[in-house]
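Okay, got some structures for you below.
The two complexes that follow have chain A in common; it is paired with chain B in the first and with chain C in the second.
So, the complex of A and B:
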């Protein structure tokens, strides 16, 4: 439709575009600020205030070098990778299986199982009873506290279910005639056809576990060795406890204090960049995911 | 049901025989949900107990409604309730409409590449972890922080650490929520807008409706179901969201405005180990949450015929 622009329209367009530009800048500025700070001279950084638009002093990678020498950060990074990979691989696998089960028309348990699962979406015991269950299972301060509870998400099962249900029955029936068992039907024939749903679930799981800190703070209070990166970052950024985290750099505490601020920014970048780099490529999956379920958070 | 046999024990037996592996796969999933979802549901009896971990649920002493009485009669009850409602109401009445407006404004942008870039950039903050976001908020709101500088210049407030003054917490929390969630929250509405049939716009254009009128009389009614669905969902989760961010941001000097029910449960239950009391508070929280969900769902069904449950 080609229309002649009315003056009011022109004004609106100018305002609208300006607003979008300003908001986009607001979204980028904090991340830009951290990136530039992470490349700055630590002495100048100590006394800096306001947004850091460009690296202060000579560009330096000293902060990143220090991060690479900090055992707790490296360990946290490794732990995060373990939790992310495990929860994504195993969690998605179980979700696919569960979604398959509740979408089988010829399976008598289909509906009871679905109701059984949906019920947990509506009612939950809450934090303390869950904590007590994990405690009774001996999961407190154990890595498994982040690898078993929460591995299945009822909502994702409903997403898988609707994916499988959209496939015509003929696929399964012809495979059955060829003598394929349920496992073959599920993984070899049907799962590739619902790749998009699986990808969406896997993406959400990766980001959620990469950024997750709350369960770890509850269930791993004393197991520093098992902490994910986010908890290490919490010590640095929120509790401002740089001494404990950075002690492993081995230097005199004066040196640590001096560069601590710089290291903080570097850790943020190291911890955030993977998700931000991958995200533009994965964006379409997130958009699909939101549209599929109207999820928020 | 494809098999023609009558529903009887025999039917189950037959079903088991042909779907043996499906039954086998069901077992671990059922076990998981029983242990991590259903057992905790029964665990809410702790709310009526003087729960001692050593004695367990079966051995702990029942105290009736003592925990609830302690909560309702406690000095913090009103504060907690007020903070929970104010913080969530701000999100609902300010943050939520803004995501819709943002989606509508984006829809008015004709330059494809510009629109795409703004979308990509605006979704980004959502993928930054809450720990990092909270760290940035703490930095920017400190005595010499960027936000503090700006607020001193614009509003002439006294220079101080903004997160130490209870006056500012609601604003800081709301603005940072908007910053982080505006783009991401709009995705749902943007896709709803794309689903509005083009013929409707064309018809409206023929009738002489300008862009503004079309937005008001075509787009908005077209995405109403999406808006209502989101609204119901938000009402339902209203009591439970946002707690993790507040846990990272607050400190004892701003409990007065920042402490909400879910953060209180965490502090009382996990840190102070008052399990019975914290379970009671948590139970109260989820009962209120479920009630809100049911009420908003019923109201919306009456008013617009749209419901989710």
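So, the complex of A and C:
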């Protein structure tokens, strides 16, 4: 039997769906605009205003050619993958261990350690002290500058702690009675029960390190071969600034190469496409992440 | 209790670690070059004691911001640097941060005390005098005479008085070696342009300016053109168009437009006196005219909202979309360069000077900061740090000295010849420049075909800067480049420089850190106020009358303009007395 919907429910559904469609549309428009602009005639693009619904003039891939022909872009992809994989795998593992440790009621230094961790979340050492520490450790212009200092995040530890604390004590007690040691309890019994937390932390880490350029600009100024994709993209963007290109053509009879005008759109697509493609597969974990910490029934 | 104690100790440890980077260097700030003796003690040596063993290969580290080189990434790979390295038995090791991070990296270098031997100071937030006072750099004056005789002679030459005055401070010290010095002038790159084709269309080819000149020169000429442009855009049914585009704050901080009204956007000189432009009556004349034009619809209605536009590239949707009449344009936009015949878009763009306000002035104001004076002495320059050893300092000065000779100037400005080993340089060989970048000199000078400005393939590809050395310290020469400039570019440059720059405050004058901070703070305060009030005056939200004008002047003065004038006057007096 199909239940007949009340009129108020129908109205609600119409409004709800309308709102969600408009909201989805608003989210898609910027990506659509950038994609269409990246395929447009660069000279026509300069004279366009507002949202671009379809490529202006004949479709061109010149902007993508310019971006992808830059040798360092492919190298940047490789570097970014290294940083993302390392920080996600190792960072998440350490976060799980740290979260488990500070969530144990029997751990006597639980509170002091938590204060220690929370302190770093609220007060940063600042750029110059951080730089000096990294320099003293010999990390400047080394890949390890992006792979060691930022490997663990205090906020993620609190997330993991919260996840472990929500599990009944009886799980751990039962495991102990069956002869399980701390490692077995943590990895085989409790960790699978908080895999949603782990997945969220892993996804946040992936996104954060995929988009990261600032630490590399500070700690790897001369190690261009180790730059992540986003830093290379940023430099490419500055190099191909429209004004720079127009001023570089110093004579009235000079030929202006407008293709550079496409670069700012192409780097957005090239830089975000992999994450955009991966997002649908990880979407359910993001939804879980939003509800983390909520009251469970 | 024990837990709380542990927590307290850990938290205190964290707090202490925050201050790890706040220590002050024990550097004494002395001007002499310091060196470590064998017993570990630090000793100072004067210029006369310096010894440079030219047989010893030296690695000199240089901090330099990046530029776009399509042929290589690091300036260490520059072919002129390679030539210098071989000639002077050294290795100039350029350390270049990622583009966009320069200011931060420079500050970080100063903050952490890990200086390179030599630094380019364009991105320094402090003046060179402040860097010296902070003990970061050395006074070069004693060494220049000994190790850079050509450069010393250049500074003493009467025709280089402007550079000498800007470089030497009152105690006879020199803190930097310029990299932006020009022996002659390049053509100017931007200024007002207008759509001539609109006027031709609206008059059937019989354009007749009130001044009787062939091009727009006076305020009346501009009004004639603006009225025709307004009619043209209306007749075309356009809703979003601009007869004239001005910056969001209502005036050009570089001086254009205002200079035609004999007004200036900030500090300027009038004879021996320093004045503040926006507090002068001619500035009011400018505001009244802009308000009148805005009311008539000549000025872009939404100009005040275009806060992200650069003044030299305003609203491209209007300029490149054929919906603008007059704007600040670039050389590359002149003539028919903006046309798109395949889409039925034809534009003829001509260069014009700022309009002369003949009702109040017959000469205009010689203020044009976008056409910086040739010295740029202490801003586009290299300094030598306390980290540099005595031998490296001497070697670096010898390199600079060479780049101030005629031969060095040609090397910097026009690259390697065949005789200088172009065929042995990988960058030149890869680019097909084995016969060198040019041949001949004076009347016989000839660019390699690949490098002919705006015509050769390497020039069209924007690669020419990869083969020259103009970012090194030394002199630049533009005359051979200028010979290849089109007539349109030459004419435009003359138009844009019509009022000269005699009233522009000399850019190279350096101040003490204290005065520098004071004028920076003043500038920030009165500029914020001006940028709020001037659009209001132009758009009519604030009436321009004797009372409001007096209030405006009083307010900018109280916000620091008056104080800044006093400081600038003091330095200008010293500058003139040198």
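Just a few scattered comments:
Here is the rule we use: the second predicted complex is superposed on the first by the 184 of 297 C-alpha atoms of A that agree within 3 Å, B and C clash if a C-alpha of one lies under 4 Å from a C-alpha of the other, contacts with A are read in each partner's own complex, and residues count from 1 in each chain.
Criterion: a residue touches a chain if its C-beta (ideal position, glycine included) is under 8 Å from a C-beta of that chain, and two chains touch if they have at least 3 such contacts.
Remember, predicted model here, so these are calculated numbers, not experimental data.
Shared-chain residue A:46: touches chain C; no touch with chain B.
When the two complexes are overlaid on their common chain A, residue A:149 makes contact with chain B while staying clear of chain C.
In the superposed model, A:242 lies in contact with chain C only, and not with chain B. Legend: residue contacts after superposition of the two complexes on their common chain; A:6 is shown touching chain B, with no touch to chain C.
Comparing chain B with chain C, more residues of chain A are touched by B. Using the contact criterion defined above for the overlaid structures, shared-chain residue A:183 touches chain B, although it does not reach chain C. Of the two partner chains placed by the overlay, only chain B lies in contact with A:23; chain C stays clear of it.
Once the two complexes are overlaid on the shared chain, A:108 sits against chain B and chain C alike. Contact with chain B, but none with chain C, is seen for A:233 once the two complexes are overlaid on the shared chain.
Contacts of A:66 after superposition: neither chain B nor chain C is touched. Common to the chain B and chain C interfaces on chain A are residues 49, 108-109, 113, 116, 120, 123, 125-129, 131-133, 135, 218, 234, 238. The touching residues of chain A, when paired with chain C in their complex, are 43-44, 46-49, 57, 72, 108-109, 111-113, 115-116, 119-120, 123, 125-129, 131-133, 135, 216-218, 221-222, 224, 227, 231, 234-235, 238-239, 242-257. Note for the complex: chain A touches chain B at residues 1, 6, 9, 12-13, 16-17, 19-20, 23-24, 26-28, 30-31, 34, 49-51, 94, 97-98, 101, 104-109, 113, 116-117, 120, 122-133, 135-137, 148-152, 154, 181-183, 207, 210-211, 213-214, 218, 230, 233-234, 236-238, 264, 268, 271-272, 275-276, 279-280, 283, 286-287, 290-291, 294, 296-297. By the touch rule above, chain C contacts chain A in their complex via residues 3-4, 6-7, 10-11, 14-15, 17-21, 66, 68, 73-74, 95-101, 104-105, 108, 111-112, 114, 187, 189-190, 240, 310, 312-313, 316-317, 320-322, 330-335, 337, 340, 343, 453-454, 460-462, 484-486, 488-489, 492. Against chain A, the residues of chain B that register as touching in their complex are 1-3, 11-12, 15, 18-19, 21-23, 25-26, 28-30, 32-33, 35-44, 46, 51, 53, 56-57, 105-106, 108-109, 114, 117-118, 120-125, 127-132, 134-136, 138-140, 144-146, 149, 179, 182-185, 187-188, 191, 202, 205, 210-211, 226, 229-230, 233-234, 237, 241, 244, 247-248, 262, 265-266, 269-270, 275, 278-279, 282-283, 285-286, 290.
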